[in-house]
Each structure stands twice: as C-alpha cells, then as structure tokens.
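Common to both upcoming complexes is chain A, partnered first by chain B, then by chain C.
Entry: the complex of A and B
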C-alpha cells in the first residue's frame, strides 16, 4: 500500500469478503442440503443445517445408499476417477518431458516437423473432433476400458512447450560438465534434468490432475459399462432423472464428494498451482 | 537464451518423441483428417452407403436457420461469460492488490472454483436455480420474477452464463492480480504524491498498463466459453428449452451422437477447427508479443 487510508483498506476487505461469500454460496447451500432429509426440499431450500449430520455422506461412501432404487457405487466411481486422473497426469507428464527433451537436446531430421505436429494438437480439442475420434477408439477396441479413457487424452502441447521453455534455460555449462564427467544422454536426463524440473513437474501435476479428474465429454462418449463410470459422470446420471423424486440431498453430497479431491489438490499445492496456471499459458 | 549442448545419438531422440507423436497422429491428426473427409460425404442414417457431395454439407449448414441461430447463441453466451468473468475478476483483483495482511487467505478462497468440474458447477447451480425449490428462485420471487429455466429460454441462458462465469472468475483473478502487482510501485507513489487516490490511480495507471493481460484473458475466456462449457450446458439444460442454449459445440455433439447426422456433424467439426485455429493463431501472433510486464 502506497499511503495510509484506513477507511479504504476496510472497504477493500469488505469487497473481498463479499466476493468470497458469493463465490462460496452454492457450496454452502449444497453442504446444508446434505444434512436434511429429502422431504425438506418440497417447497424451498433450507439455509441452515438439519439434523442428519454427515449420515448421508456416510451412507454414500459405504455404498449403502441407493439412488432411485438402483445401487450407487460411489467408491467405485471415485476409484475410477482417481485411476483416470492419475494415469492421465503421469502419462501426460512423461511423454511431454520426453518429447521436450528430444526436441531441445538433440538435432535430428524431422525435428521441426515433429514439433509442429505437437503444436497442432492445441487446435484440436476433443469437443471439435468428437465423432471421428470416437470411431478410431471403437476401431482400436478401446471402448469401455481404462486405456480408452486415458491414452487419447495424454498428448499435450502445453506441457511439452512448458518443459521445452524450461530446458532452454538450462545453462550450457551444466550439460558440458556432465558430458565431460562421462554422463550420456540418459544419465544426464535422470540425474540432472529431472531433479531440476521438480518445480515444473509439480506445477503441471496440479493442472493436469484437475484436467484429468474433471474430464466429462470423453468418458461420457466411450463408456457405456457402469463399471467404468467416473464420479463426474455419476453426477450427470443423477441429475438426468426425469421420473421419480429428485433426491437433492444425495445429489449434493455426491457433488461435494466429486469436487473435493481437485479442490484439495489446488489448495494444498497452491504455489505450484499458480505457477502451473500462469506458466502453461505463456 | 542459451541453446544447450546437443547430444549425439541417432535413435534415442526418435524413441523419446515417438509416444507423443504416435498419440498425436492416431487421436488428433487422423480424426481431424477424417472429419474433413466425412464433411464432404453424405451418409444414410444406417451407414450403409455414402457418397461424395463436396461442399453440400457446408452449404446446407449455412442455409440451416438452426445452425445460424446456434452461432448467434454461442456469440451471446461467449460475450456474456467473457465480459462478466473479466469484470468480476478485475474488481476483485483491484481491491485484493491493496491487501497485505491476509492476502493468501483471500487468494485461497477465491481460486478454488477453478478446480471444480463444469458438471459439478452445473449441479451446484442447478440446485440454486431449481424452478420450484431453488434459493435464487425464491429470492427472485421477491422481485416478482417467475423464474423457470426449464421453460424460459432467456432464464436458461442466464443460468448457464452465471454458472460458467462462476468457474472462470478465479482464473482471471490470478492473472489480473499478477499483472497489477507488476505495475511499478514508483508510478503509484508519484501519483499519490500528486494527490490522486487509489481509485483514480487504478483508472489512470494500472488499468492502461495491464491492458495486454486483459486482451490475453479476453481471448482465453472466449476459448473457454466456446469449448470448455459443453459439460455445463449438457448437465443443466441439454441445449434447451427449444435450442435456446444450444451452442456450436453442443450442436456438434447432439447432431452427431443423438441425431446421427454424421456428414453435418463432421462439417460442423471442421468449422469449429477453423475457428480454434484462427483463435490460436490470433493469440500467438498478437497476444504473446504484447504481454509485457
């Protein structure tokens, strides 16, 4: 702050608190909803806690809840989401760091072509090539499988760029010293480059984990077998109920369960998250 | 920028780059090619025969009032989301910039919606906007508004706009805050000595200086509203009521997977690819260079 203006400072705090409250409002209403019996939602939504406590969560997480008389395997869906998010994250980071390493530290015919082909993927989000990608996955027999859920999503131009940008800043002397000491390319990669890239890897980990966990359209297209449903898709299934009662307390509890893992990752790794967000866009 | 020493190895680089390239070719370039190919074909509903029709699919699209309407819907939706998300984030970051004590606390509680999946956001807001029991519906009743997004197209549009904006504010906030904090302090000090207050300094100093960031965010927000909001629309309104929230991306999905009109869906994909390509080139050509802190 440049000058002392106590009134203005209080005003700043007031505005931000208002911002936080309005952003948190939907979650507040959702959390409150989980503490009520479903009959509480007949005319309006309660705004203060009911007397169910966490029992809706407990029932859901022990898979004892049913939803519209069909079973609701929340833990299985959570497990699927976790596998998908982690596989996408690990896959994406590994292939990106490898290709960035090849592009920066080697010269080979077709290098620029390869680089441009990777760049090209930026222009092709899943949403614009839905049908043909679906057909290819069908032909490869990857429908209803974890490989089908993850592999098509792990190519990434942004992660490759970010690693490339970072590799270009690695001092030439470091590479020379390693070479004089007899380190080959593989040794250099594992003993020097990888430890140096730690903060970048952490940053990308957060961003990619969120990306993987929140995938929606792709799992929706290629899984028809309930065994592979992710939690994010599960919510849509619950919202899609057209006949029968909408069990808002269970829907909201599932919603909160689905949003917690990525939110926890962002809050716990806030520094890495901010770095990942800002770096990967530039 | 130093160009690092180069390792000599004939096969290793290919082995390193192969996985990424393979996935790119199989799942990105082939489907894109296929979309272009299919867009020039007309297939019957059973997939038994197909014939080459050239640009007919495209011509049909541009003569289709639903498609043109969907263009307009997308534009309305994207402009609203981008403007709302930018303005809210700018206001919050302009005040957050002045806060020293508790800055991390505020940041933590403002950035978490970024991590929330679009469907989850859709689910949360659908509850608030529910026509019979929603909290927002009750509030609007005080103002005499009979809120019903399942019947009223404008209401449905507002619902998806607000939900999408809610998710995007945190992203914009972080970028605006970083930009505002990089405005040289000496400028603010000089202006303060000359007697201008914080609001005036924001308008005359900070805002012009962060315009490159604002421009960059505008492009990013457009891309977000175009492509990343599919899940919000799919979960909340399914494009309805009566196509009122059917954006271009939603229509590609709906015509291809629900309507099974492959030729038309492919042609729509191609149009979208051209749009993304234009936005990407635009972003790299005009935005990158001008982002100077």
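Entry: the complex of A and C
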C-alpha cells in the first residue's frame, strides 16, 4: 500500500532520519575522536573535530608504533585480518560451490544423506561447536597458524545451501544442451555454471568477507602468539590496560581503519551484490 | 548421411513405470521422421534415449550401423533443438553456436566459416554479437537450430521446437525447418504433439500411444487408413466420429439404420464405425441419417457443426461443412457419405478391419 498523504510522508522521513542518526552517531563520534588529544576524553565525549587532523592516523600507520599492550603494529594486524578474511572467503566459496554442484547435478548413493548432513550443520553456529573444533585443531598442531585460523571456518552450510537453491533453478535443458555439445562435467562447471553464478558469487563474497573479517572469538582462542593477531582482536586488547591511560584517539582510529576494508568490498561489489540477492539472469 | 535403427528399445523407470515398450523403428538416410502422440505417450522419452540423455533399459540403438547405447550424447554425433531453446544465457550468439565445435577442438578458422555460413542461412548474421536475452522467441529458436546445424551432425533431433512460439511464427518456422531439412538432407527425428506439424513435416509419421507404436507410415496413408481407433481420432482435426455399430448378415447396423452391403468377409458382431467430419455431406434427398444441430463453430473457411443423431441410441458427431452454409441451432439435417470414407474397427481390439478390397458398395441405407 502506497500512501501519498503529506503528513504521513513527514512521519516517514522523521523515522528514517532517526534511524540514520542512531546508526551514524557512533561512527561520527569515532571519526571525531581521532582528531583530539587523548586528554580531551577524560572530561567528556567530543562531538566536533579537534585540531589534530590526520596526525593520529599518520602515527599509527607510518612509524608502525605499538602502543598500550598490543605488541604488533596495526599494519601487520591488518595484513593478518586480510589473509584470514580472504582465505575464508575463497575457501568457503570454492568448497560450497563444488559441494552444491555435486549434490544438485549428480546422482550417487547417499546424495540426500550428504545434503542433509550439510544442512543440519546450519543449525550449529561456530560458538556451539567451538570446543570440539578447538580440540581437533590442537591435535592437528594448527594452533598459532594461518591454517588454524582459517580452515575450521571454511566449511559452510549456508553458502552450500544458497548455491544449491540457485543450481536447482538452472533449466535441465541447459545441462542437456551442454552434454550434447560435448561438454563433460568439468567443462560444464567452468564454462556454463560458474559464469551463470557470477552474481551469486559476488553476493556471497561480500557476506563471507565481512564474516571472516569480523571473526573475534575464534582468533582469540587459537592464537597466543602476537604474530597472528587480527585487527578486530587488536582493538579489544588495546582496551585491556591495567595501568596507564586508554588511548581513545588511537583506538578509534584503529577502529575506523578496521572498518574500511569491508566498506570497500561492499561498495565495490554493491551492484553485483544486490543483483545476486534480488534476481538472477536467466 | 546416416540411418538410425531402433530394435526392441524399451524404457522402464526405477519405480516400475514402463515409458516405452519394446519398440522397433527403421529410419532411412535423409528421412524426416515425426514422432507424434498425446502427452505421456513416450515420444519425448524415446527422443531423449536416441540423444543419450536417458538410459536405454533394453534393446539396441544403432546409428549408421554401430551400436551407440553406451556413448555419451556428445559422442553420438547428433544435435538437438529444445523446446525452450536452451541457449547459454551468458554467451553471445556466436559463442552459443561455436561452443560445441570448440569442445570438439575444431580449428578456429573452420569454426568461423561454419558459424557465419549457418548464420547467413538462418538470417542471424546481424545478431552474432548479441546475448540470447536480447532476442525474440523466433530468433532464439533460429539460433538453437544454428547451433545444431554448425555441428554437421549425423542426426538432428527436435523436441517440440515450436511449442513456445505464437501461431503465426510457428507456421513460418515450420516451413523454414522443412526447407532447411530438405536442403541439408540430414536425417531428422522430430517430436511434437501438434498433428498439423506432424502431418506437414513428416516423410514418415510414427504415432505413439502409451509407449507403443500405433502406426508408422506416410502422413496421408495414416490419414486415409488409420490402423486403430486411437490413430483415427488422434490424426485429423476435429477428430473422426466413432459410432458403435453392429455387423449383421445384410450389412452394418448403426442405431436404427442399416447400411446394406455384402458382409461375407466380416465377422458378425459389434464393430466401431468411423467417419471423418469432412467426409459427411448434408443432403436433402435420401439421407443416411438425420441429426439435430446442437452447436456451431465458425472457422471462416469452414463451419464445424456439432450434432446429435435423432431417435433412440442417439450419438454425438461433428460435421465440417462450407463456411457459408446456413444453419440454426435445433435444425434437423440429413447426412450422407461414401463407402470409401467409412472406417471399420474391431469393437474389442480397436484395430482396423480392412474392408477396402472385399466389400461391395453399399446398395442402400434403410431404417430398420
């Protein structure tokens, strides 16, 4: 139902503006905080820019200074986060697209069993299976390594399920036309199925990248070596100061830096992302 | 150039459903064979078995003398045109046509030559760089045919290729397919449920029913001498009128009517009598039977008159008459026909009773 009464429109806009303000305010505070001396935070929370400009960012990034009890420069933490997020994303997408391909296009004994087993893991979030997973990773000697950080998070029922749903909509005739054109299963996968899944892959890439980037609990559990700290963990550790002052301006600057890669990914893939969620080209 | 032979081909699904019963069919080199039948008759299954998309449960399929039962579709040297075109949506028209050739490692220059030739033949040259979604239905179907032609296959398979097109386009494409097939001389198997398509395209028509072949022959043979009640009612539109009648010693008795002729070669007893709507004539003098008009459909050139015979044992029938005849609902009209237009079928097996050579002309029809 589309209402066209002016009062109703004003009401709608007020609601929207309130929503935007409540979402944007924390970001605004964080941005503003980076431009103040640390002493400014002892009395109140500043809501307008201070006079430091970009110098806090420059300090953080240029001289690779470590501060508080974080022992790793944030550029290194960014690098770790990037590796982790990308490895999880690429791994997740390739594993799930292949398992969906197997489940949808091939008839083999135990096919439905395999599908339902994948599907059931949907119901168990990382937090629930974290202890057994941790034990396995320990036994495999993967603590404090990138493989330990990424591999356990790669298996994904959600992505498999989404790809399965998409593959089910691919017309049977297309598969048959390809078979008559002499394309085997591998050719069909790369020449036809992958190009058709383009938008779905983009949408899942965005979602999975953010998921991987924002991982907190898992890296916290399995890394004790500062060399493998990710930026999301790093922010938390900056707060854990026992004696001394919490350097809010640097923490806020780090937060903003940590926010940037997911934002860039979303903006870059926005068009394909929306298309992948809304419609499919057939 | 090639022949296709089906011997004892059968298809049973794991759930026990028998889609095609032991079926034999010989397809000559360059022949256009049309498989026709109602939905569920097994015609598509049969085509898909020939294509290699469905497994053959038993029997042998040979193309050019060699058994191909266990070859992949890509290895059988066939090409198929699908009902919904099945073009690769992300590829240009050129690539759609070239894809099969590339998979067969055809040299690039050769691919280019074949695709441009086919595109010219099908008037697609302007569209080669477009994507399928920018094309109309008719153009898409031409691309699908182009994709089949460039392969220069031994056999073309068509799976109801015109069903998704509107009526006018369907007629155009039908003619184009026929011309193309003549020109290329490629053995073709064409599946349809549309009997007009079947009649016009076929060199050899195969009528299927419930997984069995009902009749094989030239279209006009099948129209003139249908082998069973099923074929008689399936081929021809509107359907042939079928009446329950009796053969008695003097002739055939239909309701209160007796068509007198020599029945010495026929079995006495129940029989089914068929007359095509176009073979009934309205007559004022000496009608064979009288009917009451119940409904009239004007088709322009023709008029379809739905009637009911008068008297007890009344039966429904259709008559096709000239489009400008004047009838009113409720009119009682007299009908007549010629002996050669009568078809007799066995009442129990529904098979044709061949009377053509051993029956003398009807001497008279009387009320009995």
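Here is the rule we use: the second predicted complex is superposed on the first by the 252 of 282 C-alpha atoms of A that agree within 3 Å, B and C clash if a C-alpha of one lies under 4 Å from a C-alpha of the other, contacts with A are read in each partner's own complex, and residues count from 1 in each chain.
Convention: a residue touches a chain if its C-beta (ideal position, glycine included) is under 8 Å from a C-beta of that chain, and two chains touch if they have at least 3 such contacts.
Everything quoted here is computed from the prediction, not taken from an experiment.
Asker: Could you classify chain B and chain C on chain A, in the superposed arrangement, as clash or fit?
Answerer: Taken together on chain A, chain C would fit alongside chain B, as the superposition shows.
Asker: Under the stated touch criterion, which partner chain does A:182 make contact with: chain B (first), chain C (second), both, or neither?
Answerer: After superposition on chain A, A:182 lies in contact with chain C alone.
Asker: If we overlay the two complexes on their shared chain A, which of chain B and chain C does A:152 touch? Say first, second, both or neither.
Answerer: first
Asker: Quick check on the superposed pair: does A:192 touch chain B, chain C, both, or neither? Answer first, second, both or neither.
Answerer: After superposition on chain A, A:192 lies in contact with chain C alone.
Asker: Could you say whether A:265 touches chain B, chain C, both of them, or neither, answering first, second, both or neither?
Answerer: first
Asker: Looking at A:12 after the superposition, I want to know if it touches chain B, chain C, both of them or none. Which is it: first, second, both, neither?
Answerer: Only chain B; A:12 stays clear of chain C.
Asker: Kindly classify A:171 by the partners it touches after superposition: chain B alone (first), chain C alone (second), both, or neither?
Answerer: Touch status of A:171: both partners.
Asker: Looking only at chain A, is it chain B or chain C that touches more of its residues?
Answerer: The larger set of chain A residues in touch belongs to B.
Asker: In the superposed arrangement, which partner chain does A:56 touch: chain B (first), chain C (second), both, or neither?
Answerer: A:56 contacts neither chain B nor chain C.
Asker: Look at A:88 in the shared chain and tell me whether it touches chain B only, chain C only, both, or neither; answer first, second, both or neither.
Answerer: Neither partner.
Asker: To make sure I follow: the centres are taken over C-alpha atoms, the vertex is chain A, the ends are chain B and chain C. What is that angle to the nearest 10 degrees?
Answerer: The vertex angle at chain A equals 90 degrees.
Asker: Tell me, in angstrom, the smallest C-alpha to C-alpha distance between chain B and chain C in the overlaid model?
Answerer: So the smallest C-alpha to C-alpha spacing between these two chains is 7 Å.
Asker: Where on chain A do chain B and chain C both make contact?
Answerer: 171, 176, 179, 184, 281-282
Asker: If we count contacts the way the header does, which residues on chain B are in touch with chain A in the complex?
Answerer: 1-7, 9-10, 12-14, 16-17, 19-21, 23-32, 34-35, 38, 88, 91-92, 95-96, 98-100, 102, 104, 106-128, 130, 132-135, 138, 166, 169-171, 174-175, 178, 185, 188-189, 192, 197-198, 216, 220, 227, 230-231, 234-235, 249, 252-253, 256-257, 262, 265-266, 269, 272-273, 276-277, 280, 288, 291
Asker: Any idea which chain A residues touch chain C in the complex?
Answerer: By the definition above, chain A touches chain C via 171, 173-174, 176-184, 187, 191-192, 195-196, 198, 281-282.
Asker: Within their complex, state which residues of chain C touch chain A.
Answerer: Listed in rising order, the residues of chain C that touch chain A are 51-53, 72-75, 78-80, 82-90, 99-100, 103-104, 133, 147.
Asker: Mind pulling up the chain A residues that touch chain B in the complex?
Answerer: Contact set of chain A toward chain B: 1-3, 5, 8-9, 11-13, 15-16, 19-20, 23-27, 29-30, 33, 41-45, 47, 94-96, 98-99, 101-108, 111, 114, 117-118, 120-125, 127-133, 135-137, 140, 151-152, 154-155, 160, 167-172, 175-176, 179, 184-186, 188, 210, 213-214, 216-217, 220-221, 232-233, 235-236, 239, 248, 251-252, 255, 258-259, 262-263, 265-267, 270, 273-274, 277-278, 281-282.
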